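Listed below are the structures to be examined.
Look at the two complexes coming up: subunit A is in both, with subunit B in one and subunit C in the other.
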Partner chain A sequence: MVKDTTFGSRALDTVVHVVMVLVIIVTLFPVLHIVAVSFSDPQSIAEGKASLLPSGFNLSAYRTILFEDVHIPRSFLNSICITAAGTVLNVIITTLVAYALSKKDLLFRGFFMTYIVIPMFFGGGMIPLFLVVKSLGMINSYASLIVPYLISPWWLIIMISFFRTFPQELEEAAKCDGCNDFGTLIRVVLPLSMASVATIGLFYAVSYWNAFFPALMYLNDFSKYPLQLILRDIVLQNSLADQLASQGNAELARDLQSSITPQSVQYATLVISIVPMVVVYPFIQKYFVKGIMIGSLKG
Partner chain B sequence: MSIGSNTTVAAAARTARTRSGEGLWRKAKRQKTLLLLLLPGVLYFLIFSYLPMYGILVAFKDFHLQAGQNFLTSILTAPWAGRLGLDHFADFVNGPYFLQLLRNTFLLGLYSIVFGFPAPILFALLLNELRNRHYKSFVQTVSYLPYFLSVVAIVGIMKLMLAPDTGAVNLLLTKLGLEQIYFFGLPQWFRTLFVGSGIWKDLGMGAVIYLAALSKVDAEQYESAVLDGASRLRQIWHITLPAIKPVIVITLILSLSGVLHVGAEKVLLMYSPLTYDTADVFSTYVYRQGLVNMDFSFGAAVDLFNSVINVIFLVASNRLARKLSGESLW
Partner chain C sequence: MRNSKWMTAGAAGLAVAAVLSACSGGAKSNGSASGNGGSSPSGSAAASSSASPDAEKTISLKVVSQTKYAPNSVPNEYTKRTQEKFNMKWDYQAIPLSAGMDKYNVMFASGDYPDFIPNMNQWNAVRKWAAAGYLLPIGDYFDKLPNYRKLYTDDQWKMLQDFTSVNGKVYMLPFITTTYDPQTWLYRKDLFDKAGIAEFPKTTDELTDALQKLKAADPNFIGIGVRGGSGNTGVKNLLISFSNTFRVPPDFSGSTGWTSFWHDPDYDNKLVFAPATDKQRAMLEYLAKLYKAGLVQKDFATSTEDQFNQNRQNGKDALDFQWVSQIVSLEKQNEGADWDYAKGFVSDAGIGKNPLMFKGPDFALYGSIFSNKLADQPDKLDRLLKYIDWASTPEGTLFNQMGVEGLTYEMKDGLPVYKDDLDRKKVLEQYGFDYYITKNDDALKTDPTYAIDQEAAPIFKAIDTVLAENAPMSDEDTDTVNTVMTGVWNEVYQFATKAIMGVVDVNDDKVWQGYLSDLNKVGLDKAMAIYQKAMP
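Coming up: the complex of A and B.
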């Protein structure tokens, strides 16, 4: 290819590089800043000395969170259990249902496809769903965070289209060897579909880890709270302080902030909640990109 | 609903019989494992999608939750709301909050589209101009980070950074000799914060679908454009943009149809009574009235009102797109 060295081309390159550097800074700065402040000593946070690098390295906030406060370790554990159980259940059910629907000659297939597509466009809404969950007796149980969200129609459809591309010859061969549909799925289809299964599993896992609204609607018991809901409480305290401050009660706001949760602890809680994602996402992002590409082609 | 699905069933059954030449019953028997695999899916959507659709009936009734009563029947036996069952809708539309909620929802949705829709397209176009592949994939990976953070964490980061006295932004303002701004206490800042953080979260992942479309453009097109003396800006305009136009149209339809679909989750975390003037939207009002104040019928009515508008917008924007460009969702 001819190398383009005209003025216009170089100007374009400059614009591109400037924008890219800006994107990197704007994306990373808030996260690095939060991490830096969480390791700073409380005094210098109050004086606003920490920015990108911690000022006065100090682990007291983490000591408070991990050893003195019972809520955060417990909610962390709750989140891990909910995410693990939910992801496993979702993956199993989505895979089974998708496999059945991927068969072109399935009885009433057209009807079943319509049946799963309608909920993508229209739903009963927040209140009727709450009433259903309540009348199933699931309020204040971990089941309420998982069972109503077992299948995402979106990922079900992606999984169906994936299974449809599976080589028929392999399945036929398994059938000849005496496998029934379930045996074919378990012994032949699944081992060769692990990449797709992993993709939907990761999607489900991230959405379970990040969810707070189901817990807000269905849980009453503080000891069952997932991490995101604890984090929300801390975030909301902040807005109370903001309220007071903007009404001219700056003194009162400062008192409130320091009396409820010290700033450094707020920062540290936030860091604890995002660290698992920040550490894991570079390794799993390619599955997400792939998933979104498949989705966009189908959509 | 039930009439419609019965006809579908009948039609499906007819085609099944004629195509394979075997009876329904024999086919069901042959596929019993497959149907068994399907069963959890059928039950799931029945209970958590179709049962709530039936539950919409509460919007037309004066429904109160009573202990020990069955949900299915107590909805049926509850008295109708007014003579036509439309009292809750009338109360809502004539109520003091209607116009404010409509305006807030519409403006949040509109600004999210106006500013949030072009951002990933521009980002994808610029990424496409990067020649160093490692640099490109580094920028992309960085840009995906916010997508993986929870909405609570994103709002938390904003609240801490924008906090009065201790937040980085206000410290900077003070250092520059400016007045502090109580960002989360001021209605005029709400939309900016909401839309800005939305763009921050979705920029990287939003660009993915456009980059996917761009990767399919034939390199020869660019080469012959270069031979014809086309500048890179002209190449973007005449080759790159047309290549992603179908994706742009489809994405625009999807986002236009969601202009009045502003979810409750993020707003609930960001707003406070101080900022209701600009922040309160249909979904948060449904949450407060329906779930916090337990006025299920009224809440469901507001929610249904909103959903019906959304469906109308979806159908309308789909029709518009088909007319303008020949691209459509269905």
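Coming up: the complex of A and C.
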């Protein structure tokens, strides 16, 4: 590889690097601030002293979350269960459907594709979905957070595109060796498709981890709530109290204001909520870069 | 090898299916546990309920409560004991306050709405559901609530019927406000003393002088502190700080009964929209002067609640306009600070009249609503009304607010106090108890804010007071007003922000006329016509 040492090239490199550094600073600043506040003592936070470094290093926020609060540890486990089960099921279903739809000789393939693509553009609406989930007896169960969202048309189409580029010769060789369609998928195609599977798995996992609205609609017990819903409740306390106060509901507003979760605990909960994704990401990063290119090149 | 892979795949599938089915199963079993509620009732409570002649048949109700804090578990002591006492079986659901109206809207729109919501805090939603026929006109059953009625004076009862009526019927049982906790100036007495200010200013001119002295004594002083927040909260709170002084009723979206449309005694009792009067202009002129001199928090329009609290803690905020009861928590948070409250409002020489207290009804538009389905189920309705009427008695208020003696509270000097390290939040989280309908008189006396509220009440009750007027209007007119006023208030706050910050000159007649014209462009004249019909 020949290195371009012209002035123009160097200038461009400099500009690109400066922009990248600025983007990194802008991105990291709020994260570092949140981490710093979560490790600071409440008095310093109240006085606005904690910024990028903790002021009065203190672990009380984490102690509160892990040992005193009932909801956060429980909802953390709930989120892990929902994310794990949902991601596994989504990946299985998406892979099976995508593999079948990638075959040109599949009967009614066009109909199935149309059927899958329609929800990308037109949603059924919240009320009909709620009624369907209710009539299926899934209200207040984790199934209500997973079953209605088993397939994302977007990721399904990406997987179909990937399977279409899979070398036909390998599949034919597998069939010559006695594999049926399912065996070919499990023994030959999937082991060579881990990049794409890991990528859609990551995206499914992130969407499950961040989701709060389905839980808000379908779950009735606080004990089943995922972390994001509890987090939302904590973070919105301030604005809720303010909203109630502005509506003149002074008594209720005062009650809320007098017991707002301390900022250090709010921020420690935020830190805890991003930990699983930060931990998982490095392990699948090697697949991720390859996987994100799926379907972007033809031939 | 082939078999082991098939077995692994099969086992993985089964495991996932098992997780899901276990979750669903758990939901069902939990649901039934919730429904049974009193699956492990105390013997005495069960015996007492079975002994009651009215309670031979258990009735089932779907109850959805929007609690202030998430209960640790459901069923809890509150739900169990209430169900046992009244022989009810509650399908009880607690939803977080942050769920806002999303969950309720889906419930009502899908027809899967509860029989009873004990604590509804969105009056506009109540109006909408009542007009759509979802709610029971609870006013038709007032004769079955004698103890609830006793909580009101005749005047208050009339106000309840005026303010909570939708198409002539009452659909909500409001909570009654038991404390008199006015908003006034809270100030750092120690900083005032240090700046040589002997007493809290009585006029706007004295206030300006005092602010200048505070600034001179401490350059970090930010001027008048403003509780910020989302949207227009900052400017709104700044205007509220001077609403009594300039005799301009504040905007509480009608929830306190005040909408800013009123018969203003300063204009021969003519119906006016307060922010479109010369008094509003005078207030903006005064605030613009203060802002220019650096005597109002610079970022009042964009600051947050957290910043407000930080300013209070780090001494940059020496005065702001909030509820008197906050003095208790402020002194607790910072023992080095000596907070006090102004024993009245400042007056303005230009206005030439005493400040006014704008008072709403002694209840909040926050309370219990009932499903229309109960109209055809008299057994259920009667039992529920019995519970509510009992909840209005001293015994009921004590139970709902404090819980159970020996479990959550104990008696000290004849007054109930929380046991051990329990407080209101913990009692609600761990046991489910929270005040309902009204606060218990004895429990109130043990509240740290009680003494200061008691002290402040006679002072502020002595101020010239105007009561909120009711404006009954049709559904169509209500919808029009709601739609139009969103734009009008936006215009009011945008102009106020610009005027205070000096972006526009409020002294300029052309600018002021332009503002009035803009208000009409976004529909103030339409709203005014409706209010004139509603408040002749």
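We adopt the following convention: the second predicted complex is superposed on the first by the 235 of 299 C-alpha atoms of A that agree within 3 Å, B and C clash if a C-alpha of one lies under 4 Å from a C-alpha of the other, contacts with A are read in each partner's own complex, and residues count from 1 in each chain.
As a working rule, contacts are C-beta pairs under 8 Å (C-beta built on N, C-alpha and C of every residue); 3 or more make two chains touch, one makes a residue touch a chain.
Worth saying up front: this structure is predicted, and the values here are computed from it rather than measured.
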| item | value |
| --- | --- |
| Touched partner set for A:V35, first subunit B, second subunit C, both or neither | neither |
| Partner chain in contact with A:Y115 - subunit B first, subunit C second, else both or neither | first |
| Partner chain in contact with A:A215 - subunit B first, subunit C second, else both or neither | neither |
| Contacts of A:Q263 with subunit B and subunit C, given as first, second, both or neither | both |
| Which superposed partner A:F130 touches (first subunit B, second subunit C, both, neither) | both |
| Touching partner for A:R232 - first (subunit B), second (subunit C), both, neither | both |
| Partner chain(s) touched by A:V97 [first = subunit B, second = subunit C, both, neither] | first |
| Touched partner set for A:I160, first subunit B, second subunit C, both or neither | neither |
| Larger contact residue set on subunit A - subunit B or subunit C | B |
| Which of subunit B and subunit C A:L107 touches, first, second, both or neither | first |
| Intersection of subunit A interface sets (partners subunit B, subunit C) | 46, 48, 126-127, 130-131, 134, 147, 213, 216-217, 229, 232, 236, 238-242, 246-247, 250, 254, 263 |
| Footprint of subunit A on subunit B - complex, ascending | 5, 8-9, 11-13, 15-16, 19-20, 24, 27-28, 31, 33-38, 40-42, 44-45, 47-56, 58, 65, 70-72, 123, 126-127, 129-130, 135, 139, 141-153, 155-157, 159-161, 163-166, 168, 171, 182-186, 200, 203-205, 208-209, 212, 222-223, 226-227, 231-233, 247, 250, 254, 264-265, 268-269, 272-274, 283, 286-287, 290-291, 296, 299-300, 303-304, 307, 311, 314, 329 |
| Parts of subunit C lying in touch with subunit A, wherever the complex brings them together | 5, 9, 12-13, 16, 19-20, 23-24, 26-28, 30-31, 34, 68-74, 93-99, 102-103, 106, 109-110, 112, 121, 175, 177, 179, 181, 227, 229-230, 233, 236, 252-253, 255-256, 258, 304-307, 309-310, 313-314, 323, 325-326, 329, 333, 360, 364-366, 424-425, 429 |
| Of subunit A, residues touching subunit B in the complex | 1-2, 4, 6, 8-9, 12-13, 15-16, 19-20, 23-24, 26-28, 30-31, 33-34, 37, 45-46, 48, 51, 93, 96-97, 99-101, 103, 105-112, 114-116, 118-119, 121-132, 134-136, 147-148, 150-151, 156, 180-182, 185, 206, 209-213, 216-217, 228-229, 231-232, 234-236, 238-243, 245-247, 250, 253-254, 257, 263, 266-267, 270, 273-274, 277-278, 280-282, 285, 288-289, 292-293, 296-297, 299 |
| Subunit C-facing residues of subunit A, complex | 43, 46-48, 70-71, 81, 85, 88-89, 92, 126-127, 130-131, 134, 137-143, 146-147, 186-187, 213, 216-217, 220-224, 229-230, 232-233, 236-242, 244, 246-252, 254-256, 258-259, 263 |
